[in-house]
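The two complexes that follow have chain A in common; it is paired with chain B in the first and with chain C in the second.
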Partner chain A sequence: MDKYEYQKIVKENKPKEPKLKNAIVSFLVGGSVCFIGQVIASILQVTFGMEVSESYIWLCIITIFIASLLTALGFFDNFVKKCQCGLIIPTTGFAHSMTSSSLDVRLDGMISGLGMSFFKLAGSVILYGIISAFFFSILGVIIYG
Partner chain B sequence: MIFLNSFLVGGLFCLVGQIILDNTKLTPGHVTSLFTVLGVVLSFFGIYQKLIDFSGAGATMIISNFGHVLYQGAYTGYHEMQLLGFVSGLLTKASSAIVSSIICAFVLALIFKPKD
Partner chain C sequence: MASKKINGVYIKDNFILVGPKERAIKNFDLIMSDYYYGEKTFEQAEIKMQQVVINSLLNKNRLLHNDINFIIGGDLSNQVSVSSYAASKYNIPFLGVYSACASFCESLIFACELLENKKKERGIVVSSSHNLHAEKQFRFPIEYGAPKAKTSTFTTTASVATLLTNEITPIKIESYTIGKVIDMGISDVSNMGAIMAPAGADTIMRHLNDLNRQPDYYDVILTGDLGIVGSKLLKIYLEKTANIKLKNQIDCGIDIYKDDNENVNSGASGPVVLPLYLFSKILKQKKYKKILIVGTGSLHSPLFVNQKLSIPAISHAVSLEVIS
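This part shows the complex of A and B:
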């Protein structure tokens, strides 16, 4: 059996991912998350008289708190497995990755576990966000003044 | 109307992410990083602020918003403090998201035990 035949057999027996179902589920879940967020932001604006930009910052903090709490309680991993990008792309995914990685390494100790591996998954978002924002802002100042 | 817009825009971002995730070999880590950089690029062209005005939380709850606030922090930082503003202003607006997620994750990791 040569390499080509082997790859053919692997391809045939690979479990097919339901791409269409995944896409629809993530569209609906992601949309619902953002819809609920808009409801919370509107409530904050009306009842507490916040400015629009201020209410979005509070919304971000509330989302991160809820997602972290659900991750720590153990519900959120199943949700993420089912909904995939519907929960990874919103801010919930950022909070989920941070809390789950810190829970995983918690038992290795405070410094060598928690301290060193805290940003394991969220680190790439922060790193590439900062790198790209730095260079693009320099470019933006050059172009727009 | 803004409620429907937030549903559609938020759903569309997630749909694009799911299509990238399913049809390429990229992992969720790649996709979130990609969307952060996408937020910076959209903010650079001035599209992201329009998207926030159009769809509210549909744009601010997406991870791309993190890139948007980083870019805006550095850009407005330059106009307040000139060259120093690039480094001192970069994280000012994104600070709330980073600090709150660090505190939540740390405190919850101390309280709860991991479940397998």
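This part shows the complex of A and C:
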């Protein structure tokens, strides 16, 4: 049997993932995270009299804190397993990825462990986020002046 | 020749330590209450697991370090470091082997070669795996909890030490076949079964060919950790390439988490799956006389997968006979 024939058989015998169900679950969970975020932002604006942009910064800090705390206490990975990608895409997932990779190496030393592995998963998000922000801001200046 | 008949090597005893999730396998000797096992990290816990099984096996059989001629150890860690650190506590010569989940079979083959034609020698074969250590090394950080595909397997937490001797005991090692490394161009890290199935099939085919046997010669053909997906592919592959229909095949990976299969998906994996199932279920049932154990290992290296290479696999077979 050659490689291509075998790969075809593997493809045919792969158990099917419930893609639609996963997408709906992710949509609902991700959507409700964003909804809660919006509620928190509105509360901050109304009760503390914050500007919109200022309230979003505080919102980020709050969600990152909650997600990191839940990761450290060992709850968040169970939520992620059940909620598919709904919790990984928003800021909560970003904080979770950093906390989880730093928990892995907490006893490997400050430099060789924590320092080197802190951005193991989040590093690419930061790098390409900054690069794309740079180019899009140039585009923005060109188009809108 | 890759297949060889062995004379005068017997399995005398074994000692099984299992993790908290593997409780459903009865017939174990010791159980861990948590994944740390009193150590600071999971890696150190695995070292302790190996030392506990070796110590307990020595105590159970009233043996001293001097009575053992060698230890052969295998595990999933980088540089086979768990086995090496575990062996550093003993005044016994040591060999560390790595062929991923086929390590147990590879260790048995080396042990056979070292013990054959000797008179009163003994050797210990130890293998172990730790779920969270393997997750950390091969996949995502432990607390990340990334969603898993249905083809993925769950690394078993356990450690098994096996005592081999020249004395006659009920379990005889009859022959073995060394496998070839087979790469079918699959690079899906969450589908280990599909990677390992062709290697397993090839070794079974060559074993039967070399020794001129039919599949029914064996009461059971025990594959290591192919899982649900891999077992199905193994049967298809054997039927298409050699026209062999396997009826007496059991996969250890499917059976281990029968009762508690949350997050398990396709089945159990790890070098310890095969000895764990062999000693706690198959040999305890006393139903099977001729057993072929086929360890299958995917030689997965995250480095080469990142460099876009496909994953090769290996498989070794060892034939056991139960004399009663």
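For this structure, a couple of remarks:
One rule holds in what follows: the second predicted complex is superposed on the first by the 129 of 145 C-alpha atoms of A that agree within 3 Å, B and C clash if a C-alpha of one lies under 4 Å from a C-alpha of the other, contacts with A are read in each partner's own complex, and residues count from 1 in each chain.
We adopt the following convention: a residue touches a chain if its C-beta (ideal position, glycine included) is under 8 Å from a C-beta of that chain, and two chains touch if they have at least 3 such contacts.
Keep in mind the model is a prediction, meaning the values are calculated, not measured.
After superposition onto chain A, the modelled positions of chain B and chain C are compatible, with room for both.
In the superposed model, A:Ile64 lies in contact with chain B only, and not with chain C. Contacts of A:Leu103 after superposition: both chain B and chain C are touched.
When chain B and chain C are set side by side, the one touching more residues of chain A is B. With both structures placed on the common chain, the touch criterion links A:Ser32 to chain B but leaves chain C unconnected.
After overlaying the two complexes on the shared chain, residue contacts for A:Asn78 are found with chain C alone; chain B is out of touch.
In the superposed model, A:Val10 lies in contact with chain C only, and not with chain B. Using the contact criterion defined above for the overlaid structures, shared-chain residue A:Tyr128 touches chain B, although it does not reach chain C. Aligning both complexes on chain A leaves chain B and chain C separated at their closest CA atoms by 5 Å. Counting contacts by the rule stated earlier, residues 17, 22, 71-72, 74, 84-85, 88, 97, 99, 103-104, 107, 121 of chain A appear in both its interface with chain B and its interface with chain C.
Put simply, chain A touches chain C in their complex at residues 1, 3, 6-7, 9-10, 13-17, 22, 71-72, 74, 76-81, 84-85, 88, 96-97, 99-101, 103-104, 107, 120-121.
Within the complex formed with chain B, the chain A residues making contact are 17, 19, 22-23, 26-35, 37-42, 52, 56-57, 59-61, 63-65, 68-69, 71-74, 84-86, 88-91, 93-95, 97-99, 102-104, 106-107, 114, 118, 121-122, 124-126, 128-130, 132-134, 136-141. Across the complex, chain A is touched by residues 40-41, 136, 140-151, 184-186, 191, 194, 198, 228-229, 232-233, 236-237, 240-241, 263, 266 of chain C. Contact residues on chain B toward chain A in their complex (touch as defined above): 2-3, 6-15, 17-19, 21-23, 28-29, 31-33, 35-37, 39-41, 43-44, 52, 55-58, 60-63, 65-67, 70-71, 73-75, 78, 86, 90-91, 94, 96-98, 100-102, 104-106, 108-115.
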